[in-house]
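Structures are listed in the sections that come next.
Next, two complexes with chain A in common: one pairs it with chain B, the other with chain C.
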Partner chain A sequence: MAARTVIEVSDVRKRYRLGVIDRSLVTDELAAAFARLRGKPDPRGDIHAVGGDQRAGDQFWALRNVSFNVAQGEVLGLIGRNGAGKSTLLKLLSRITLPTAGRIRMKGRVSSLLEVGTGFHPELTGRENIYLNGAIMGMRRAEIDGLLDEIIAFSGIEHHIDTPIKRYSSGMKVRLGFAVAAHLDPDILVVDEVLAVGDAEFQRRCLGRMRSVADSGRTIIFVSHNMFSVQSLCTRAIWLDKGEVRADDSVVTVVRDYLNECSAQTNEQVWTDADAPGTDEVRLMAIRAISADAEGLFSTTAAITIELDLQNHAITDFDLNIQLIVHTDSDIVAFISDMTESIGTAIWPVGANVVRCTIPSDLLNDGGYRISVLFQRKGNRHFLVQDAISIDVQEGPRRGAWFQKWQGALRPALHWVR
Partner chain B sequence: MDAENRSDWDVVIEPSKGWWRIDLRELWHYRDLLRLMVRRDLLAVYKQTILGPLWQVLQPLLTALVLAVVFGLLGRMAPADQPPLLFYLAAVVPWTFFANVIQRTSQTLVWNAALMSKVYFPRLVAPVATTLSTMVSFLLQLATFFVIALGYRVFSDLPWAPGSNLLALPLLILIMSVLAFGCGVLVASLTTRFRDLGFLVGFGMQLLMYASPVIFPLSLVPDGSLLRHVIELNPMTGVIEGFRAALLGTPIDLGLLPYSGTAALVMLIIGTLVFQRAQRTFADVV
Partner chain C sequence: MSDPMSGSGPLTQKKPMAVTVYTPASALRDPGLMLRSMFADLRASRELAWRLAQRDIKAQYRQSLLGYLWAFIMPLSTTLAWVYLNSSGIVKVTSTGMPYPIYVLTGTMLWQMFTEALQTPLGQLSASKNLLAKLKFPREALILSGIIKWSFNAGVKMLIIIPALFILGGSPDIHILLVPIILLAILLIGTAIGLFIAPIGLLYTDVGRLIPVVLQFAMYVTPVVFAMPADGFAAKLFRINFMTPVIVNGRAWLVGMEGSMLQEMALICAAASVLLFLGWVLFRTTMSVLIERMSA
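Now for the complex of A and B:
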C-alpha cells in the first residue's frame, strides 16, 4: 500500500516586489488613484511579468511552478543555493506568508521551527516563557502543564527557571527554546537550520531528536545548507534552483548532482590570445582548479590543485613571481601564496609554461573562495587578474560531531600534542 | 487526489482574495496564547518598577487632577454640584482606555513583527490581547474611581450618589471596547501601508479628546452650534456622557448611545476586515 500523502504542494508561485515594497506614502496612493482616473497606468503599478526570467521589472518571482507531494513518514530535505527560494517555501509551509498563486494542503498538526525560542520575552521568567513559547508554537496549556517538568529537565536549567530570561546567557535561552520545541508533538515538522546555533552537544541532541521524530512515522521537511546533515537525516531531497524545482529524487542522487554543479561552476577560465590578461612580456592563458577527489568534487578533505597556463613572450631573466590571493566569500583574504617562496627563481623558457600550486586537503573551510593571480616583476606589481576563478568547497566527511558551519576563513587540520 | 474531500486536509494554504476570512474556531483554539499575551503585556511593563501596577491607576488619576484644577477650578467648566475630581475622573478613565487601545493596537503589527515573521498564529490574537490587557488597567482604574467616590461620600459635603444609572455601565463598557478595538485594528492595518499614520495617531487622539466632552460637559456647548455637531459626531461623546451619568448619577441622555453603538459595530466590521486583509501580506512588507 502506498503511503498516505500528507503534504501536497501544487503549482505554487510567490512574487515579491523589488525596491519599493509597497506604496508606503499617502502621496503614492493618491498618484495611483489619479492615474487610474485618467486612464493611465499606475506609476508604481505592476509591470507585467515576462515569462522565463526570474526578474521582471520591479518584480521578483521567488518561487515558480513548484509542485511536489510528501508521503507520511518521509523526511524531505530542501537544498539549493542562497536565494533559490528555500526560505520562501519554508515561509509558505509555515503560513507566515501566502503564495501569489497555487495551493499547499497538509494533513495533521503542523509545527514549524524557523528559530528556537520564538516570542521569548526578556522580562518574563523561564517558566513563564515556556508557556508563552509553547502557546505561540500552538501547544495547549494543558499539554504544557503535563510536559513542564520534562521540558525543564531537558533544558538543564532547573536552577534558573524562575529567573527573568534577560539574565540568561544566549546558550541558556537556546536550550530553553529547544526544550520546548523538542516536546512539540506534530504530525508534520518543518525545520529551518535552527541547528545553526548552540554547541556541538546541543546540535547532536537536535539531530537525535529529529531522527527519533522521523523514526516514529512523522513527516519532516528539513532545510539546510549542510549536505552532510541533509544526507544523514533525509531520505529524499528537492533541489530548488532560481525558484524552480530542479531535481526531486533520493537524497543521494540529488545531493550528488547538486555538488557536481557547485563544483562545475567557475573553476576554470580559458582566454584566447586576443583577450588573455597580461602584458607583452607574459600572459595568463588559462587557470583551473582540479580536485584530487575521485569524483572531482571540491571538498574540505580533498587537495585542490590550481593550474596556470602561461605564455611567456619576452621574459628572459629570473625576475618573475606569481602570487595566488585567496579571498573568502565574505571578502577576507584567507591567505596569499608566493611562488618563489616555494620553488625559488628560475629562467622561464619562452613559449607555453604550466605552473601548479596545490592547496592541501584539510586546509580550506567549507564555503566559497575566490582566487586572484598577481604577477610580479622585479618585486613590483606587474598585473593582477582579479577573481580569476572561484571554487565552492563542500563539507567533506565530518570530523567529530559538529554538524554546522565551522567558523573561520580556513579550517586547517593542525597537529596537537599532549 | 481530486476525489478527496477538501475537509480531509487540515491546513490549506492558498492566495485569498476574498474579504471575509475570519476563522473563529481557530481563534478559539488559540485562546491560551491570547491569555498568555495579555499576561505578558501586564507583567512585562511593570517589572522592575517600584510602584508596579500602581502606575496603571496613578496616570489617569494625575491627569484627572490636572484637568480638575485647570479646567474645573480655574476654568469653572465643571458643574458646581459635582466634585471636580470625580467629574473629570469619570471621563478620563474611559477616554484613557479608548486612546490607549488605539495607540497600542496601532503598533501591534510592528511590535510583533519579529514574531510574525517566524511563526504562524491567527494575527487577530495580537490586537485582541492588547485590548484585553488595556481592559484590565481600565477595570483597576474604575475600581479606583469607586474608592475615591466612596471617600467623597464619607468625608465631603458634595456627596457622591449614583443611582440606578450604574446599571448602564456594562453596556457602556461594551460599546467602548468594541469601538476602540475596531478603530485600533483599522489604524493598525493602515499603518502597515502608510507609515505616516503612526506619527499622527498620538496627535490625533489628543485632538479627538478636545472634540469630546472629556474637558467640559456637553451641556456647556450651545445646542445646534457647529461645535456641538462636531462633538456629537465623535462616537465617544455618547460613551463619555454615559459614563458620567452612570458614575455620577446625573440624568442619562440616551439619545447619543444608539449612534455610538452603531458606530462601534461598523468600526468593528470594517476594522476587522481591513486587518484580515492587511495581515496576509504583512510578513512581506516589513
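Now for the complex of A and C:
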C-alpha cells in the first residue's frame, strides 16, 4: 500500500506576544484586524524580520519554519524540552489556534486529547459525564449509546457509575475520562502527555489501547516526556528545539540523540563580549559549577558552588536580582534560589562582578540537573539564560542498606529525632 | 481489550476523508465558504448544545434548595421594593393604567429576561475558557446552549407569572398566546448585543462588570417600573429606547390588553436580526485569537 500523506505541515510559524494584553490600544487592534482582512502583514510587526533569536521585541516565536509530513498509519512522537514548542504545535494541529504563517493540511476526522475529562461536571454522575464528555469530543448520542458498556468496563468503575463524580478520587476521574477518549474513532489522533496520570496498571492499558488504535491504520501524534513510552509506541520521532525541528528520523535515532544531548555535561560555559547573553545593561559572561570534592567530582555528598561572572554596563541602581532555576532530568523544577533573598539588594559597581551560590552537600539526588539563570529588573524578567549549564551528580558513599535509585527530585539529609 | 477491527469500526466503512486546511488567512475573504461553514457548524453543534444546557440546568437545580423558585425571586423582590416606594409616597409613579404591582412585576420580569439574554454569550464563553483552550468543537454550541438555558428559564418564569397575575387581580386573556413573540424578540435583541459584547468582555474583564451598571441605568429609561413620561427630556429617552416597544407590548399582552407600537417593534426585530448575523461573524472571526490570548 502506498503511504498516503494525511498531515502536511508547511513552513508553519507561530508568534505569541509577550506581556499583558492591555498594553495594546483598541485602535492598534483594529488596524491589525483590517490589515489581516486585506491579506497584508500585521502592522504591529513584520514576521520576516526574525533572525536567529526566538525573542524579538515583545514577540516570541514559539514555532519557526516547522515543516513535516505524516503518512497514514504512522505513529509520530514529538519530543523536546519544556518550551520547545510541542504544546503550541499540538494546539495548531488540534485547530484550537491558528498559525501566524504557513499552512496545515489534514485529511480525515481529527480528535485531540490534550487533557482527559474536559468539561466534566462534578454534580453529574459518571454516566451523565460520559455522554457529556463524548459530545464535547464530537461523538454522537447513538455512538455513545452503543459504546457505553464498553466504556464503563474500560474505566473499571462500574459500581460508582451512577454516583456524582464529585465523590470520585482524582484517579477515578482520569480513568473515566480516558475511557471515553479511548473509544473515539478518529482518523488522526493527537495525544498530549495524558498518560502521566493514573497507576501503572492503568498506564499499561492506555498504552495498549493506543497501540491497537495505531495498528488499525490510524495516524497518531504523541507527545511525551517519557522516552520509554515514546519508544514503545512510536515509529518515528520529531525533536523540537527552540521552536524548530532539530531532528526528524526513526524513533531510535532521535531519542538516542536527544538523550545524549540531555546528559551531555557542560559544567562550565564562557561567552565572549560579542555573544554573551543579556542586555546593554548587564551581561552574563560565564557560569561554572565547582565541586568541593577534592577530585572535583560532582557527588551527592559534596557541596557545589555555582559561580557567575557578570559584566555590569549600565546598572547604577539597586534593582538587580538573580535567580538560579534548577531542573531535574525529568523536567521538574527541583528548586529556585533567589539572590536578594539571601544577600539583599546592593549597588553594583560598573564592570566585572562575580556572584557565587553554594548548593550544600546532601541536598541533590544522584542524576542530572540543568541550571538556568534568570535576571530580574524592577521585579520583572530581564532575561533568562535557559539551561546555562548542566551537572551530572554521582552517587556518594551510601549510608543504609538501600542500593537502588532513591525516588525524588532531591535527596536532602534531614534531621530525625527520637 | 476489544479487537481493533471489530471494536470501534474499521476504517474501510468510512466515507472519503474530509480535508481540512488552515492558514492564518481571514475567513472573511471567501464569504461563500464562510457562510457554508457557519451553518454547517451550527448544525453540528446542536447535540453538544443540548448536552451542555442539560448539564448546566441539572447542576443548577441539583444544588439549590429553592430550585425553580429562584427564577422568580429577583423580580418579586424588585416588585415589593417598588410597591413599597410607591405606596409610601417616597416615589410617586404617574398613572400606569393597571394595578401598580402588576405593572412592576411584568416589567421587571421581562426586563430581567432581557438582561439575562444579553449577558448569556459572555457568561457562556467565560465559563468555558478551559474547554475552549483544550478542545476543538463548534464554538456555536456554547452560544446555542446559552439560548437553550435561557429559554428554559424563561419558560419557568412564565409558568409562575401567570398564576401570580391572577392573584394580584389581573385578568390575562387570549392575548397571552402572543407573549412568545415577545420572548423571541427579547432573546433576539439580547443575543445580538451580547455577541458584540462577548469578545470585548473576554479580553477586558472590567467590561463584564460594567454591563450591569449600564443595564441598571437603562432600566430607568425603559417603562419597567415607571410609566412612560408624557413629555420632556425623559419622554425622548423613553421613545428612542429600542426596548420600550418590546416591554410595552409584552406587558400589554400579559395582562390582556391590545398591543401598541407594533411597527416599531417589527423594525427593531429586523435590525436586531441583521445585528445578530454580524455578531455571529464577529464571534467566529475573533474566537481563535481570543482563545490564544486567554490561555497563552
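One rule holds in what follows: the second predicted complex is superposed on the first by the 238 of 418 C-alpha atoms of A that agree within 3 Å, B and C clash if a C-alpha of one lies under 4 Å from a C-alpha of the other, contacts with A are read in each partner's own complex, and residues count from 1 in each chain.
The criterion applied here is as follows: contacts are C-beta pairs under 8 Å (C-beta built on N, C-alpha and C of every residue); 3 or more make two chains touch, one makes a residue touch a chain.
Note that the structure is a prediction, hence the values are computed from the model and not measured.
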Q) Since both structures carry chain A, what do chain B and chain C do when superposed there: clash or fit? A) clash
(Q) Is A:150 touching anything from chain B or chain C once the two structures are fitted on A? First, second, both or neither. (A) second
Q: Please work out whether A:94 is in contact with chain B alone, chain C alone, both, or neither, and reply first, second, both or neither.
A: both
Q) A:132 contacts which: chain B (first), chain C (second), both, neither? A) both
Q) Which partner does A:123 reach: the first (chain B), the second (chain C), both, or neither? A) both
Q.
Going by the contact rule set out at the top, does A:295 touch chain B (first), chain C (second), both, or neither?
A. neither
Q: Once the structures are superposed on A, label A:338 by its partner contacts, choosing first (chain B), second (chain C), both or neither.
A: neither
Q.
Between chain B and chain C, whom does A:5 touch in the aligned arrangement: first, second, both, or neither?
A. first
Q: Figure out whether A:109 sits in contact with chain B (first) or chain C (second), or with both, or with neither.
A: both
Q. Chain A residues touched by both chain B and chain C?
A. 16, 21-22, 94-110, 112, 114-115, 118-119, 121, 123-124, 128, 131-132, 135-138, 140-141
Q: Would you tell me which residues of chain C are touching chain A in their complex?
A: 1-2, 4-5, 7-11, 14, 17-26, 28-29, 47-48, 51-52, 55, 58-59, 62-63, 130-137, 203-204, 288-289, 291-293, 296
Q) Within the complex, which stretch of chain A touches chain B? A) 5, 8, 16, 21-26, 29, 91-110, 112, 114-115, 118-119, 121, 123-124, 128, 131-132, 135-141, 164
Q: Please name which positions on chain A make contact with chain C in the complex.
A: 6, 16, 21-22, 36-37, 39, 94-110, 112, 114-115, 118-119, 121, 123-124, 128, 131-132, 135-138, 140-141, 147, 150, 183-185, 187, 205, 208-209, 212-213, 215-218
Q: In the complex, go through chain B and note every residue touching chain A.
A: 1, 8-16, 30, 32-33, 35-37, 39-40, 43-44, 47-48, 115-121, 193-196, 280-281, 283-285
